[in-house]
Amino acid sequence: MSDVAESEATRSPEDWWSTAIIEMKPGMIRYRGYAVEDLIGRVSFAEMVYLMTRGELPHPEAAKLLEAALVAAVDHGPQAPSIAAARMAITCGVGINNAMASAINMLGDVHGGAGEQCVALYNAVAARIGDGPADERRLAEAVAAEIAALAQRGIRHVPGFGHRFHPRDPRAPRLLELVDRAAAAGAVSGRFALIGRAVEARLAADKGRPIPMNIDGATGVVFAELGFPPPLCRGLFVLSRSVGALAHAFEELLSGERNKGPIPRQLIWTYTGPPARELPRDRAGG
Amino acid sequence: MSDVAESEATRSPEDWWSTAIIEMKPGMIRYRGYAVEDLIGRVSFAEMVYLMTRGELPHPEAAKLLEAALVAAVDHGPQAPSIAAARMAITCGVGINNAMASAINMLGDVHGGAGEQCVALYNAVAARIGDGPADERRLAEAVAAEIAALAQRGIRHVPGFGHRFHPRDPRAPRLLELVDRAAAAGAVSGRFALIGRAVEARLAADKGRPIPMNIDGATGVVFAELGFPPPLCRGLFVLSRSVGALAHAFEELLSGERNKGPIPRQLIWTYTGPPARELPRDRAGG
Amino acid sequence: MSDVAESEATRSPEDWWSTAIIEMKPGMIRYRGYAVEDLIGRVSFAEMVYLMTRGELPHPEAAKLLEAALVAAVDHGPQAPSIAAARMAITCGVGINNAMASAINMLGDVHGGAGEQCVALYNAVAARIGDGPADERRLAEAVAAEIAALAQRGIRHVPGFGHRFHPRDPRAPRLLELVDRAAAAGAVSGRFALIGRAVEARLAADKGRPIPMNIDGATGVVFAELGFPPPLCRGLFVLSRSVGALAHAFEELLSGERNKGPIPRQLIWTYTGPPARELPRDRAGG
Amino acid sequence: MSDVAESEATRSPEDWWSTAIIEMKPGMIRYRGYAVEDLIGRVSFAEMVYLMTRGELPHPEAAKLLEAALVAAVDHGPQAPSIAAARMAITCGVGINNAMASAINMLGDVHGGAGEQCVALYNAVAARIGDGPADERRLAEAVAAEIAALAQRGIRHVPGFGHRFHPRDPRAPRLLELVDRAAAAGAVSGRFALIGRAVEARLAADKGRPIPMNIDGATGVVFAELGFPPPLCRGLFVLSRSVGALAHAFEELLSGERNKGPIPRQLIWTYTGPPARELPRDRAGG
């Protein structure tokens, strides 16, 4: 709550809700200028994601990369808090939309933010090396400078690299392969694939062991090549993971389970608080 | 909270979280049996939705219909509570995932349930007419019986038909056209397009004016043709609308607005409660 | 989406948002007619809950019962999906409000609905026996009839009775004791304590073993004595459980844990889907 | 996702979910060491909030201050995104818990964070002036330094001061009066009331007009006097506002409204995107 923006007092409801995304009249719906009935059956769901968030239809090669990145992150099993939450929620008697919302609500800075943070890192490196052809030494220096900047802000784990479960994340090399192909075909610059690999190389050198690019680092390369601003990258991950949330919520719905907690019936926690005690004397009555 | 299922006490955490969706080992991720790196770049996002929720890859024509339905429902503007919620939430200082969750959490029985309810209606009609070729009279009778059954349960508005804003919903005829084409090509049965149109005809006859099929009635035809069970239909709508939620949340984020309520600064409500009054005498001190 | 209510088109934003709860002008806030500065320091938080939801301040004895019921349900440990969700969410990097929302979002019909359902049951029994002094036989018949009605609707577990963890729920007898005392003092009717005990007696007779009243059955007695309509009872449980959600979210925040899933690192699920397989030949390229 | 904490791999589920808040055995529930049946009927709901979050029961005067702060922030009408969201959600056909979660999910850094940020500010000032008796000049210098520090971080609106709707927030002076009284009685130090007023004085001097303490500034004084760490202050605001969310959700439920958007039926937004256009030629078929 703060001082009033001067403009607010004089704005109409129409201005308050202005948007460049959708235009509507009775019997007419247009997204970004295109009639909905022209889009249906002519653009893919992934292309629609691009149109809605970016304002224009993507180049077909860009659309393919976006499809690939959206496919790659749908699910990481009940180990992931998001997926566990979707399954738990459905057993609590809420709607499937509420279960999906519960999953998505967990994709915060730690669980869902690495892709966004990684694209910000790639963009920062790209800004340092400027627009010309990427000189190897300048790239290495820019990468080192940005990793150092993260460390100074207390960020030990470079977002997009290393994985606590997968020694090598099987999704990353495949996504990079597709980016390389698109770059070879001139559909994207390939600049961010270079940057991503330079980060990976630097981390290996720094730590003396591979810290391979993970799903967030690889989808980050795709999203950066496609020009998505960082906050949209979080959103794209949400769209992808929502598919897994739906599949798991539905599977759990079929199970008929009720009130599913983390593990079965047995008491699951260690109590570390004060031992049993009595209320202070002045409360003991009543 | 209820009596213990006998089985629960003896189940291991592994059994507690059993799933047929994802298999994982360090360095390996498989969805429904397919290695993730085989899927990336080879199946579309919509096909992935199908694989994850149904267990098998869709026929290419089925995939096209699913794309069309997912494209059709992405957004209905800030008029829709879901979209308004996404925009309001982002101005409250939460993450983009929280804003999307806020939107999705609103897709309840009333706002997001018509598709699901409509597929249930179509399925009930289909069950009445059985598997043989659809005889026109039997179809009409089955439709009348199911509409009557809804009315008996107090449901005045047949889900999937009529729209409070669009006299004719521009999305419906286009979706039906695609279903007809797929049916002509033998990719789907076309049975549910017939049923949907029979419901539309019956409603027009009953009310003496057209109550045209809307987006939910038309995506319902698509989903029923593709064999999606009703609760998944709600989930598919959620996936679709999530795209609009993301686009609007991001547009609002760029606006820099803070604490955006329904309309601008002016007081927006009529107070209908008791007039100003004083606390009972025994509370007046202090 | 449905036909337009005629009235909607002609309503102003002020009418759209009419409320009897709060009146506001610059520098003035009144709840249910009372100036906020008169309430602060003179009514308890529980009394404020009553005033906001019911429109009037409670009798002091009613306020005490409400306090007792709100105290009783704050927490049931990480076994409860709501509490587990609060803790998991906070490790995902969302705000403490988002973690609390994640918890509360899980208090659906199964996890949070028993109190509401139980009050509906008590009210149905009360309606059967009418307003006069409760005759023991008529009470027993009314209870039997309503339990039979639940069974006919497929409800095996009578809401508010039996517990999968506690052979006897320690919260129930204490709450009943307080209701008895308030009834003896004439502050409440005691009618619903009778009804609750009659349900308990009937279930024991039916099953041949005690199915004791649990927290939902006992808070249900309190809420019914106080005249709360069933949907508000769910809301009161939400307010109570929110306290536990906050305490657990904060404790987990201090732990510094990241991405906390159901249990530690080891793979936690059994895969039951198809064995590893290859994509159909026509997708294998790319 | 990051490197594995070494410890994680070897932790049991019991350790994974350790807590000092609740101890439970079949038939036994203890909160912070106290048996639940001892607490019920002997501590108020606000005292329970304190016990659960802080680990000990509050001093009676501290409990009164906490009650006052919890009472003060319950509702700010449908102008507030949280309250509007609760009302909109319930008309979408979700449960009352989902509607409350939708409200609470909006209490992010901007909408719900000012109290937390304000307590952090007060604590920073307190740390500067140290433990001795507060010398007026040192206090003024400490306040000026911390306001300058906020400005350097780009924070123009000092959290807890000024209000876009209320020229003077009626809740603030009343809360301060209660703190003064408790300080006079020796129940709290009164140190943070001094700091809050010093911030107010400094802002008035800087801006040449009063920027009075608002609800967040005043509850911030209460919470800081009571020693609540900043993240818990957000949580306390959530608990308070949940009461308003419940009252409004229930009132809206009774209205029977469906799919309630920001304002009634009329189109509510200005479209600012591209004019109507056709799909690129290569998509026009199909």
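As written, the chain order gives the labels A, B, C and D, with residue 1 at the start of each chain.
In this text, contacts are C-beta pairs under 8 Å (C-beta built on N, C-alpha and C of every residue); 3 or more make two chains touch, one makes a residue touch a chain.
Quick caveat, the model's predicted, so the values are computed rather than measured.
Listing every chain that touches chain C and chain D alike gives A, B. Counting only chains that touch, the fewest steps needed to get from chain B to chain D is 1.
Remark: chain A and chain C have CA centroids separated by 34 Å (rounded to whole angstrom). Separating the centre of chain B from that of chain C, both taken as means of CA atoms, is a distance of 27 Å.
Chain centres here are Cα averages; for chain A and chain B they lie 23 Å apart. Listed for chain D are residues 1-2, 4, 8, 13, 15-17, 19-22, 24, 35, 39, 41, 43, 77-79, 84, 94-95, 97-98, 101-102, 105-109, 112-113, 164-165, 258-260, 262-263, 265, 267-269, each touching two or more other chains. Taken as a graph of touching chains, this assembly is complete, with every chain in contact with every other. In the complex of the two chains, the chain C residues touching chain A come out as 13, 77-82, 84-85, 88-89, 91-95, 98, 101-102, 105-113, 164-165, 258-263, 265, 267-269. Residues 1-4, 8, 13-25, 30, 32-35, 38-39, 41-43, 55, 57, 94-95, 97-98, 105, 114, 157, 162-165, 211, 214-216, 262-263, 267-280, 283-286 of chain A are the ones that touch chain D when the two sit in their complex.
Contact residues of chain B toward chain A in the complex are 1-2, 4, 8-9, 11-13, 15-17, 19-22, 24, 26-29, 31, 35-37, 39-41, 43-46, 48-49, 52-53, 64, 66-68, 70-72, 74-79, 84, 87, 95-98, 100-102, 104-109, 112-113, 165-171, 173-175, 177-178, 231-232, 234-236, 238-240, 242-244, 246-251, 253, 258-260, 263-266.
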